[in-house]
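In the part that follows, the structures are each spelled out as structure tokens.
Presented sequentially are two complexes of chain A, the first with chain B as partner and the second with chain C.
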Partner chain A sequence: MNHSSAEQLQQVAASALAVGSVKLVIGHAAGAAGDRAAACFVDSDDNVGRLTIASPGVATNLAVYATRPEISHLSPIAVVADPPTLRALVGLLQEGQVEADRLRVIALWPQTAEVSQSPSDSADDDAGAWKVSGSVQTMEQVLASHEWVAHGQWTAAAQADDLVERLLKMSDAERWQFWSAEFARCSRCYACRASCPLCYCRRCVAEKNQPQWIDTSATPRGNFAWNVIRAFHLAGRCIDCGACERACPQGLPLGALNEFLRRTVAEKFDYRAGLEVDSTPPLADFRTDDPEEFIR
Partner chain B sequence: MSERFEPRIVAFVCTWCTYAGADLAGTSRYVYPPNVRLIRVPCTGRVDASFILKAFESGADGVLVSGCHPGDCHYTSGNLHARRRWNVFRELLRFVGIGDDRLAFSWVSAAEGRKFADLVCDLTERVRAAGPFDGYGRMSYIAEALAAECGQQGPAESPDDRDGREGRA
Partner chain C sequence: MTPLTLKIDRLGDLLAKMAAAGFRIVAPVASAESDTSATAPRPRQAVRFAVVGPQDYARVDLTATPAAEGIKRFFLPQSEAVVRMRQNEGQSAQVSDISPDAPPTIIFGARPCDAAALPVLDRVFSWDSDDRSWSHRRQQTLVITIACQSSDAACFCTSIGGAPDSTAGSDALLVPQDDGTMQVRLVGERGEKLRQFFDADDAGSAAPREDATTGDSGKAGQVTVVPPRFDISGVRSWIENNFDDKLWDQAALACLGCGACTYGCPTCHCFDLVDEGTEQSSLRRRNWDSCQFRNFTEHASGHNPRPWQTQRYRQRIAHKFAYFPERFGTTLCTGCGRCVRVCPAGVSLLEIVGRIAAKGKIEEGRADG
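Moving on to the complex of A and B:
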């Protein structure tokens, strides 16, 4: 961790909390072990010392907390936001899950303009290589001033690329075999859902039981249905932060599903999630000339 | 010599077009295989991805989704939304191992009884060629083998044969 960046972050948070321009800062604090980071909620300038800067390669996506009902009485809230978190916040604004008036960010952006193509490596090596915006900003201000949000660095996609390629070369039966074996490990803890900023439904299809679409116990078919439906519900919405895969205690390669869907949506509908507040998510939209070569 | 495999095909059809088209196929006395089970829905837009998965889980060998031609939707755009969804869900299913040979989408209007009959004939042959869908049965064995490797108990679910008759030994 880079101390000067963290100190700067603490100063920005402290001054905003002191004057009351934000009521809560959602950031990262040092986690229980190693380079892990835990979410931390600071509502007073006395406590800003806990705030630190975590690398997107290891951390949770803090945007997940912006929609939590437990903090809905606090407004405005400020989220310490690296690029994946900003993309998630764009998604939440786009889908009307957070009011723009209520949301502020303390943006983090890379020290160097030249960013590595390999998100995990660069992020892990230089957790402290972040600049902190000089003040608390609105999303509008951040998006207007930093085109790097759209550059799509720090995506989880690159890590999943090889696996996706490998799977695409397999036959249907081999793919079924592969995913059956992977999903068999799923313990249905729903950490993927809890860690995903775009999985915000208060009542998830996995909990609906009349009718029960998804078998709730950790059986092979229930696991298969859950993982496929989870991925599909995020098609065209997943902002590629990789939080689900990092959160998975069983190490399922969820990133490969997300990456495959990201590619499919990009190819068919020329769309990337998390970049524009004013666009419509592709699966909530249609065009009269959408591809239909497969429809008889 | 075993009997010829008769596939089970679940068809989600919209009440305004394809259901009426199937009706017309019947009243016109067109012959088509009895392998298809129609489930009438208000619109193809009503067909959630989980319907398709559930059909396969419940023993379908193939799934057909059919509705009004673009522009003919009773609800203006339900079929256009559905088309977007299929574009992506079909790819996802293929990516997890349920290929195109078991899945069909079509537009059949209320006047296209002939098209419906032909569609069902072709699809039945296609699924017959693909053979029984035993993915979920295999899945249980895969899970058990993995669990045995890890020295754990097998999954609670018994191996799932198509008719649920074969319990675990």
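Moving on to the complex of A and C:
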């Protein structure tokens, strides 16, 4: 690797930390087991050397940390952010979960149409495939950039199109059977929820027990309720990063649920999540001229 | 005693014999639905433990190491009904225990790090009272383990006192040989129950192995080497003396607070009791629970003694490497490394315990000096 993107990233992080324009940089480091990238928190320019650019196929979405109370005393923070991470941050700004003046980013822009997402890639194999923004930026600056226009919708999430097409061709009974078999493996570890930047609720519906909305048991009933309700809560909010599917230790094809919801929201509301801070997600919106009787 | 052997091309016959003797067989099988998980970038669970019948014998896959999935759920089910409650006409209610009812079972093809957890958990499940569900399943189940031929960077059994060919918790250990056969080592009285299923090794093929086999931990056959990752000797005392160390904050920052590590862990055993159903008819279920969840320690008052992820993360490590050893004399970890592999945020228990071990070593040195 010659003068790599990872080194550029380290330089940008080091100078921002040195002048104090950010207090904490949240990025990725090589994982200990040589497989998954590790989330990495750097609070001094002395230890930026661990920062690397992780293959999106082995990394969690770092926007998930922007709402963590553990780091609220450190601000501004800078999140190392590829387009899906930026979209998640847009979602969090849109929903009032992070304050714009406490948030900076070091944007990563894909240089090639297909940045590899092979899980066998080591953490910085893809470093050359990314362009690192020359300095720490505010979200406002990023969203006004031509890179955002060009790459804002880029995703590394595994293509769920084939599976969605197959599911759409199935009868209701076949689809029920398919998801029953998949959800049967769900262990209710909630890694999907924990790794989702938009699943930020301090008290999740899954934990409400007066009344108990969702059975906590890993039984067909409980598992269906959990996975379907989570999908519904992400409708029009999921920014299509694939972090939930990558996190699932049981390999559930959660991307197919997300993709189906994304298509439905696009078709019914002409909306895609995570692109504009000032827009309102369709399911959080209300119109007095709504064509549906029941909602007026 | 004549050594026993298993020819791997006769595996189907072996499983059929066991089934004919009345055993339910659980074995790792290549997933039938693997084509659907093609969308998952990492179909990590392509091989899973399942109850197998004759139609599945050809799918039994003994090559997956480290095992993607453990065997804990066959002893401590993820969700298990323990009490049934019914409201009768009028005022009375009927409350009845549901007895655990597991058929005689052979788990075939477990890995040593998963089997080693069983005697560790026996200690806690027979401690202040006998956990009848656990004991019943333990009694009903024989475990045939296969020594590991490969390992990865997350494996650390040898740093915890285990080995890729350890017999701890197993009733029989299969050791793959160069000629493609498996040497069979029966363990204890329970292991003797399995003798009937294996063939005595015929002369010739066994001879060279006999020389190499020196007792239980002999390295005969194709057993992988798991290098030592840390020296555990100073870990417990460091944890006991450094409850408020900065290390916990640093280590836990990346932790997302899901339960993937605990549910994959062969030794994590916490559970929750919940009542599900209606006022007329309900079940009390025992479900896996995780100390990494925020509501694990939340009191009815709303007070939470572990409100921060740092505290929850420290609890998991300290329970495994200090509190459990203090009470039960053994570490609550077998070094399987599954927690490292499944963590969505790349948090590595191996790395963190390694750091603690290094600090513990320094403190030990100071104390000695």
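Brief remarks follow.
Here, the second predicted complex is superposed on the first by the 252 of 296 C-alpha atoms of A that agree within 3 Å, B and C clash if a C-alpha of one lies under 4 Å from a C-alpha of the other, contacts with A are read in each partner's own complex, and residues count from 1 in each chain.
As a working rule, a residue touches a chain if its C-beta (ideal position, glycine included) is under 8 Å from a C-beta of that chain, and two chains touch if they have at least 3 such contacts.
It should be emphasised that the depicted structure is a prediction, and the values quoted were computed from it without experimental measurement.
One of chain B and chain C touches more residues of chain A, and that partner is C. Judged by the touch definition given at the top, the superposed model places A:D35 against chain C, while chain B stays out of reach.
Within the superposed three-chain model, A:L275 lies out of touch with both chain B and chain C [touch as defined at top].
In the overlay built on the shared chain, the residue A:A181 is in contact with chain B and with chain C. Residue contacts after overlaying the shared chain place A:V80 against neither chain B nor chain C. In the superposed model, A:P220 makes contact with chain B only, not with chain C.
Shared-chain residue A:A243: touches chain C; no touch with chain B. Using the contact criterion defined above for the overlaid structures, shared-chain residue A:C189 touches chain C, although it does not reach chain B. Judged by the touch definition given at the top, the superposed model places A:F232 against chain B, while chain C stays out of reach. Contacts of chain A with chain B, set against its contacts with chain C after fitting on chain A, overlap at residues 178, 181, 185, 217-219. Residues of chain C that touch chain A in their complex: 33, 36-46, 48, 78-79, 152-154, 249-250, 252-254, 256-260, 262-264, 272, 274, 276, 285, 287-288, 290, 293, 295, 308-310, 337, 340-348, 350-351.
Those residues of chain A whose C-beta lies close enough to touch chain C in the complex are 28-29, 31-41, 57-58, 60, 64-65, 68-71, 117, 119, 158-160, 162-163, 178, 181-182, 185, 187-191, 193-195, 207, 212, 215-219, 222, 242-243, 245-253, 255-256. On the chain A side of its complex with chain B, the touching residues are 167-168, 172-181, 184-185, 205, 213-214, 217-221, 224-225, 228-229, 231-232, 235-236, 257, 260-261, 264-265, 268-269, 282-283, 285-288, 290-292, 294-296. Interface residues of chain B, counted against chain A in their complex, comprise 48-50, 53-54, 57, 70-71, 77, 80-81, 83-100, 104-107, 119, 135-136, 138-140, 142-143, 146-147, 155-157, 160.
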